[in-house]
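Here come two complexes built around chain A, the first alongside chain B, the second alongside chain C.
For the complex of A and B:
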């Protein structure tokens, strides 16, 4: 019963957040400089044609009218069509003329549907790498506060957090791909192409996870129930993994929720550098091309993801620690 | 506790599995040519529907041309016959084109005179966006006495037929069957040519081409081409360095220095057909006064710009590239002279720049090399002479939106832009920009310029035309300076050293029919 009321409440809140984000993005896109019709029709198109296309597309109506029309499509699952991309999904330039001979425009939902799994794959692998590395460094550090594993964790975190992602991406591509030939770096022709960008993202994610894990484990190990566990004759391994880590996992989980949301921002740069065909690369090109429907569609989908991740994190945290109420 | 720390460190080492990583890299190996383009394509495959360089590059692999013009500085007028075997100027307004027999389009249709006729008539329609033709369809009479002879008669348009000689190397030949299906038919859906590579499909940003075994000059050795848009120049370079890409374009000068020391990479530098210009908005103050325009030109020391550009720039003193027909170093081309600048400003009523309105200089970042860097230098040089200029650096889409002339004058007062057309034909630059019927960026309307441009276009022979261009039209443009050509771009490609036999044209398109991996 708690779960149902929790989900209903949080999903209603989430729907409101998504609506507000959509309204904000929609309005902002229409007040920033840059006429998308000029980009669609080409710089050489006459003014009369620009106005004609704009009127036909309803882009000269009041913003709220446009928004209402857009939302009526969204609730029916129609995020519209890209202004510039053809159905093939190619990233196209804005210098072509907006005549009737242009190929069919791609559906926004299709474009997102093709690229989102790629980004989720990248994000998932990055989280796996980050968690693996954080546990390997953070748990020993938390178990040995003030000693060398703790210092190693501190130095590693400090170094990792100081490395700009775009720089690290280029350096790792040079080292692991160009020099050593271990990994492919650019584009995507198979799972191996996900590894290098995932490592870069994992390096960005790890420092905060390591520090949180170190602190949480260290605090948990000071708690009376740990001492009681030793008196009860529990093994060190059982005490750490069944008791200390479980208690330390709640702050880690909350942090992970925020980190995953931030990760979707991090993939913009990383996907651009590695030419990885995910949602990040799609977003950058959509922004550069003033592809309003695509930008709006991506904003809605990412808002939905943020909301769902946060709901899931809170729900899991409640299940781990029933004392928590959200 | 120590045991746990050691476990953590040991498990960390286990994460790396070199065997798995090595096998991942081996999967990259392939025989096809992978081209990484700096520019994206359009959503329409119709060659008459765009002016986008990257798509012209793809057309260079797929489409057939009547002639090809290598356009090297030492021999800018050279013409090589391909689908045409002979082009005769029968009369000043009548051109005869003899065609090669036995050529087939990729869809199996034999290439004949009807295709040339249909291509010319379709491409010159006023609604076709590319607009490369000297006149509209109504000004042309095209007849086909037999399947392999085409007569182009321009008498109705009043311009000479020899204009088609250079244009022939720039116009991809389309199938009459495709054209008959209309502009919304197969023309816009795919490329169908007679070139060495067949269009297979567009897969996201990857244009997939495969060797055409019936190519009339012999089947290509390289079995396929993957033409990809990759927006970031560092990414393109890394991809070449790790062997994923075979050839990359638009290198930054620093990248050239990096790659020159790489034994697996070869660099190709070609003086291109593209000049980079500072375009003045001539239809609004203060640059509606040629004296102010000339003053701005005298304020700019172009040798400093070339220092910034390094290998990516080539000195020139004309409105067309040195590889274009009619190029000469113009004796009256504006040189750096602060004294002349000040004298002209005073004469125009703006001594030391006083009284000039706030000026905006628009440039782009992300496509052309070093635009921001040399834009800042130009801005500083203009400010030094009293021009109240601010520089607006825009990303490509925003810049493109603000580039062209509009009623009342385009945005800003000066714009940076290059202009590149893969033909020796100078009118693709001169007439496009400085004739009042087009005036793409400058918005200039000047009857004297119109008359001179009409005169050189209407010259009875190429020799006469060259003389008019070099002694009248080009010097007149340099005197009126509707724009200031800063330098000629050098097209820099870096490629896998084992790739041989590739010919790169000065517009960046290439002939891969003789290409091979050693």
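For the complex of A and C:
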């Protein structure tokens, strides 16, 4: 019963957040200078024609009217069509002008649907790497504060946080694929292409995870029930894995929720460097081409993901620690 | 008594620190624990009793260190046993501590953790068998509906329930001996009495020997066969409880006994009646405060927690007014209403003739100055990284003092007044004892020269000696500044010593208001009698626990049953009590009690003597 009430409340809040995000993005895109029709029709197209196309597409209506029209599509699952990209794949626009292709412009939903799984795969792998590494370094550090494992964790995370992702990406690509030939780096032709960018993302993620894990484990080990647990006859292994880790996992989860959301921004650079065909690359191109519907679509989808992740994190945290139930 | 001792402590010494800086905490402690025997260990705080309790279960962590001696169980020194081998012995050596709320993992159900312990010390036990045993024993310690409680979390248990669950946890593996370290200390008196009785019952049933450590001699007297008196880490006296009390040998024992508050004997201090005055300093009128909380297990329903219900009383200038009751009775909510941290939902709080809810701006600042609060917890109520001088200066600055020299002088004057040495001015609160910290708290309130001090359990975290000193200080301050005190407390003995008038609260209601003498010698409400029957004292009780004290804990303030809220625990409850709620009824001399059994007596008519029973019955309603 609690879970249903929780989900209903949180999903309603989430819907409101997504609505506000969409409104904001929509308005901002219309206010900034630069006419997308000019880009679509090409620099040589006559002014009258551009006005005509713009009118047909509804781009000269008041912003709120346009927004209403757009939202009515969104709730039906229609995110509109790209201004620029044809369904066939290649990018249009530029100097050539041919209105014939209009009907075949790609659906935003399809474009996102093709790239989002790639990005999710990358993000998921990055988190798995980051978690494995953080647990390996962070748990011993949290169990022996002030001693060498703690220092190792501190230095490792200090170094990792100082490495810029784009630099590390290039260096690793040079080392692991060009020199050693262990891993492929550029483009995507199979799962192996995900590994290298995931490692780079994991290096960016893990310092904060390590610090949080170290801190929350060492404070969990200070809680009275840990000492009492020993006197009650529980083994050290059980105390650490069944109790200390359990109690330390709530702050880690909360952090992870934020980190995953941040990750979707972080992939932008990494996907660009590795030419990885994910949502990040799509976003960069959409922005460069002023592809309003696509930018809006990506914004909505990412904010939906943010909201869902945070709901999931809060739900799991409450299942772990029932005192958080409110 | 032909069998050999279960546990044999020989020349045990414990030190804190290492090398030259080492300081002994325990020295040369030796005693035996016979099978089925209950040995009590008593001493003031700092006497080393908790360290001793922990040494008995091999729980000495740095910076503490065993310096000499042994703790022998089954002819081996358990202090020498490391990790794994000690862990196997945990089945036979059990421990219950003073902090029930922190003793279990808050994220897992209580029952599951007890099963976890059982299967840790009895490897290979069948899980369903373990579960059954835990549920049986939870029932045996009178936890209502143990099957449901098994799956509830520690935060859903009250302190008393939790302590019972921990006793189950300790006894589930049928240990040879149990070390109980101050188990009743955090509990309310009526609950503590129940827990104590249960512990005796269970240890008898399982033939468990017990080491019962406590700072309260009356409690130890009730529990133990033998008492050891611990002073500065040494055993200074041992005897049976009765002989120890009748003929104490060591001066420290004498001192301990002399500090136990007297309640009914003639040595008890006579507290004067409230001085008459035209206008009360505080007048709380029919105040009610209800909190809304989300109902668990429902979609969007809320339930109402009625924390304070229709409370009405006056506090006169220069009076010591006591509010007593057990945890959850609404004392703290009442404190929040009196100090204008919250407003009542209905009714009003009037201080010096002004309704608190209407105070704004300057008037509010004036009120804050006149009504100061001193809190319970000496450790969390002071900012740890601010020097004492700065803590005490702060209120002066808030209230508009600007001259640095004047501020400093005023702070030093107050520090002298509460007997804090002036050299603490630049110190952090870190190294202070609980008593000194409470003095800082009192000084922080006194620095503004208030008229009223509201003491929310200010003394309950201090030991008897320190309580005595602070009470003397309060008396001195009152004489000098004409202060009015409101003591909010669960400690009846303290209230007996200082309060002119006392209000007894139960489940958010005031069930009785009476002068000190009357309340302790002739209480009108059965709940007051129950409280009195459970006060830790060495005196002969006026009210026997057998007659007055019933099982169970107060019902939840959510969804109160109709009728008298005490009916579920009252030994005298009859049909009417379950149907309608009694209101405060005037006994003579203006004392009030809310019980149908109170002999109704109007205020004595003028020119009529005190002929008992001849007065006209009359119900005084406060609505």
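Definition applied: the second predicted complex is superposed on the first by the 314 of 326 C-alpha atoms of A that agree within 3 Å, B and C clash if a C-alpha of one lies under 4 Å from a C-alpha of the other, contacts with A are read in each partner's own complex, and residues count from 1 in each chain.
Here is the rule we use: a residue touches a chain if its C-beta (ideal position, glycine included) is under 8 Å from a C-beta of that chain, and two chains touch if they have at least 3 such contacts.
Note that the structure is predicted; figures quoted are calculated from it, not measured.
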item: Overlay on chain A: chain C relative to chain B, clash or fit; value: fit
item: Degrees between the directions from chain A toward chain B and toward chain C, using C-alpha centres, nearest 10; value: 160
item: Chain B versus chain C as contact partner of A:2, first or second or both or neither; value: second
item: Which superposed partner A:177 touches (first chain B, second chain C, both, neither); value: first
item: Touched partner set for A:10, first chain B, second chain C, both or neither; value: neither
item: Partner chain(s) touched by A:139 [first = chain B, second = chain C, both, neither]; value: first
item: Which partner reaches more residues of chain A (counting touched residues only), chain B or chain C; value: B
item: A:211 touches, of chain B and chain C: first, second, both or neither?; value: neither
item: After superposition on chain A, the shortest CA separation from chain B to chain C (Å); value: 13
item: Intersection of the chain A residues that touch chain B with those that touch chain C; value: 236
item: Chain C-facing residues of chain A, complex; value: 1-2, 4-5, 8, 223-225, 227-236, 238, 242-243, 246-247, 320-323, 325-326
item: Footprint of chain A on chain C - complex, ascending; value: 57, 59, 61, 83, 87, 90-91, 95, 97, 99, 102-108, 116-117, 120-121, 153, 155, 169, 173, 294, 296-300
item: Interfacial residue positions of chain B with respect to chain A in the complex; value: 1-2, 4-5, 7-9, 11-12, 15, 18, 21-22, 24-25, 27-28, 39-46, 49-52, 54, 127, 129, 183-184, 187-189, 201-205, 207, 228-232, 234-235, 238-239, 241-245, 395-398, 400-401, 403-404, 406-407, 440
item: Chain A to chain B touching residues, read off their complex; value: 33-35, 38-39, 42-44, 47, 84-86, 88-97, 99-103, 105, 114, 132-133, 135-137, 139-140, 143-144, 147-149, 170, 173-174, 176-178, 181-187, 189-190, 192, 195, 236, 240, 272-275, 277, 284-285, 288-290
